[in-house]
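What follows is a pair of complexes built around chain A, which joins chain B in one and chain C in the other.
After this line comes the complex of A and B, so read on.
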């Protein structure tokens, strides 16, 4: 193993990690806001990838250009899912945790089933995007351009999210609702609007990730499952509900995955991630940046 | 300004207040007193929209508000400072205050009540950057009142503002209530510390086991021999 291969691997791992962070942050945002885990998060990603695919197939819109459209569509989708499904699940009088789990889990199964029915289980891919298949050499390290762009989009999205949360009135309302959802009515804020906004933002962020990933991943009804699993690990690693933690967690997961691939056979590349995850759960159950 | 008519509110079948009727006129300071469990908090929660009455009506400026969503009642001009204050603990003092004026975002002078808030409680101005959870009990109460004032209420309702606060600050808060009234607001105050509160109130209601036991001018109530014996310990 040469230094060059190590650097190459870590660079790819970093790029993938930034994408994992982008996938996970919506999950962390929603969990932090209302203590609900969206078990359909992977299916949100799947839907975003299909939207990107169909925009390309029918309207010849390149996934890169489509990314803002996909994010906007997924914002609406997320907000609608909150307003017509999750809001009612939260009214459960008993066993509210279970009701929420099975509601979003049921939603996942429904979305997957509908995707299989309408989109067929065939593997799709966007074959001729502007960036697809291109690589760039930076000081001897070869980086695939779609992943590189994905990483930059991820950083930009985090920057925008950070600005939104810290500097805008809506962001402050989001933080306040996170602190005490029952108290925002005291200042005239409708918590349902804030929750819908949170689900919309969560959808938009995973939508952005889906649009980017459509450039270099196969698109099929079950595609969300494996990424969702990594997203749960990322969120737990970073600290549940911490948006910054999800970002950092994503990078760690990407780097650990790449390092494992260097040391172990490729089929075991996920072992490292889950090993680190277990370690964190044992030693620091609230996650690396969690404040619970 | 506010009229609560024959209101009954129950929690899971247990009646907390029963056919309570109270009237508040503009510019008054009205005290609602009574022992623990008399239903004082339930009454203000029902007015604020945090609880729904089982029967009866609540009318504010001529319009029915019972059954309305709590945030809409806040928007109509009733600010409610609950017993446990419900600040946003990990947000700064400044953010808590700015959230109070959230409804007026986009307006150039959205924070104009801030001048009054700082005049009442100068120490909040010194602690703007601090997290709300790091304030003392008294300062937290001041911040809760400050945040409520930022919503530009016409009626301010305070539930046990003296609870868990050192006596010196209690006076400061009662003095603030007088200034708030002078600034044009109406105040409903729920208190167990009747003696001090009767000094600043115009009128008072005494609740007992969910019903209005007595009502009248603060001075009359203070002079009433039964009240002196049962509530004031004189």
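After this line comes the complex of A and C, so read on.
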């Protein structure tokens, strides 16, 4: 094992980790806001990737340019899903946790089924894009440009999100609703509006991730599944509800995955992730940065 | 008695309930179960497979002038012209779902035979269920060699398995070496279910027997979100030939990741699967000109045997794609099974099994480059000669074995 191999592994792990963080943050945000785990999160990612693909296929819009459009479309989609589906699930009188799980899980299956019906199960990919397939080589370490840009977008998105939550009125309303939804109603904040915007924001963030991933990953109706699993681990690791935790959790998952693959056979590389996850669950059940 | 609305509704319901019975009594039919991944990560394979089986059923049920068993008549003459009806089931690439679906096909749908399954791991459980119920099972497109060595009486495979395929690859390497090419080291890259494992075991053994050095033997988890670590090891090994045994998703990601990490394999000789799928070449075909994959089908055969081209056209009208290694084997799977049922003149499992054992179909009456279809005592057809295909200029060209080749191999890969 040479130094270059180790640096390459860690660099790839870091890039992938930042992307994992961006994929997971929407999940963390929604959970933190209203204690709902969105089991259709992977399908949100799938939809975002398909939107990027169709924007490219029909309008020849490069995924990089399309990213804001995809984020906007996914913002609307997230808000609509809250208003049309989740809002009603939250009204359940008994067993509200179960109702929410089944609702979002059902949504996931429905979205997958519709995607297979309308988009066909064929594997798609964007073959020609500005960044796709390009690589920077630094002293024997290769950094694929799409992932590099993805990492930068992820850092920028987290920065903007931090600013948004801490410095804007709406961000404060978001935080306040999360702490005490009953009390905010008394001061005239419409809970439903805040929740809808929270879902929209969550959708927009995963939309951004989907547009980046469309540059280098294949797209098919089930593509969300393996990334969603990592997103749940990332959120649990970083701490449920903590936006910064998702960022840190993503980086940890990326680095642990890369270093496990250095030490163990590659087929066991996810073992490292789950081992760290278990460790956190035992030692600090609320996650590294969790506040609940 | 006045007929009120309720009577009409009840009467209608009763008639509707009886209709299927009446229909069944009039046109006798033979029900065959077809079990494939119709949803999930490999849904694309299953959806294409449905079209291949539908093409075969159409040939059997309608009149066509092809020198193929059952094509010239309508239905199965041995059963009074009974039509073949297919019942599709979805196993989602999950061996446990496969087991449950096979059981449902047999007990609820009353199928008299089953054909499947794409994933070898699912064929393991499906064939066990078939054995328990004495229902014949044909592995249309499973290639794991261990499948036919489990002592099952109702298991049959008309197509080659991965030892035969791998032998063809090593014969090809030996021939290239004789011509003065340098092939010393090999890198194996395979997924972690029975398909990848059996394939790599066969290749490891052949490499040891024939004096090739395996410098990397990398097993990876199927449908991984990233293959960076795996590709790094392949790059470090930089073998003379990279030999992947990968399904479509991982195949695409492998080639993309190789590009990202600046690794260009000297040569790639693939164990089919993803490397015979159009989706892979649409996505990354431009990065791997000259890649070689094993196969059991070649459209080149249409030049010698015109019906191959015509049947391909029928399939293409349904699916929008040419026959590939999978759809062609699926097609033949149903033809071989229907031919046996026809000769058995019965839908009884044991009688169909006897007919399958007695199968002797000349290669000219198939759409494959096989010598014949004839099963050994383990249910394997050893007369199915594999071919090697090279991807060149957007299409596949047969380059080995010599008797089937239509062009010289371009070696090393450009």
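FYI, the second predicted complex is superposed on the first by the 289 of 292 C-alpha atoms of A that agree within 3 Å, B and C clash if a C-alpha of one lies under 4 Å from a C-alpha of the other, contacts with A are read in each partner's own complex, and residues count from 1 in each chain.
The criterion applied here is as follows: a contact is a pair of C-beta atoms (placed from the backbone, for glycine too) under 8 Å apart; a residue touches a chain by one contact, two chains touch by 3 or more.
Source: prediction; values computed, not measured.
Peer 1: Given the touch rule stated above, what does A:230 touch, chain B (first), chain C (second), both, or neither?
Peer 2: Second partner only, chain C.
Peer 1: So in the superposed three-chain picture, is A:182 touching just chain B, just chain C, both, or none of them (first/second/both/neither)?
Peer 2: first
Peer 1: Now for A:190: first (chain B), second (chain C), both, or neither, which partner does it touch?
Peer 2: A:190: touches chain B, not chain C.
Peer 1: If you stack the two complexes on chain A, which partner ends up touching A:221: first (chain B), second (chain C), both, or neither?
Peer 2: The second partner, chain C, only.
Peer 1: Spot which of chain B and chain C makes contact with more residues of chain A, would you?
Peer 2: C
Peer 1: Check the residue A:169 against both partner chains and state whether it touches chain B (first), chain C (second), both, or neither.
Peer 2: In the superposition, A:169 touches chain B alone.
Peer 1: Quick check: in the complex, which residue numbers of chain A touch chain C?
Peer 2: My answer: residues 5, 8-9, 12-13, 16, 112-113, 116, 120-125, 127, 133, 135, 137, 142, 144, 147, 216-218, 220-222, 225-227, 230, 257-258, 261-262, 265-267, 269-270.
Peer 1: Mind listing the chain B positions that touch chain A in their complex?
Peer 2: Spelled out, the residues of chain B in touch with chain A are 49-50, 69-72, 74-75, 79-82, 86-91, 95, 98-100, 102-103, 105, 147-148, 150-151.
Peer 1: For the complex, which residues does chain A have touching chain B?
Peer 2: 169, 172-173, 175-176, 179-180, 182-191
Peer 1: Which bits of chain C are touching chain A when the two form their complex?
Peer 2: Residues of chain C touching chain A: 39-41, 43-44, 46-47, 192, 218-221, 223-226, 228-230, 232-233, 236, 248-249, 252-253, 256, 259-262, 277, 279-280, 282-284, 286-287.
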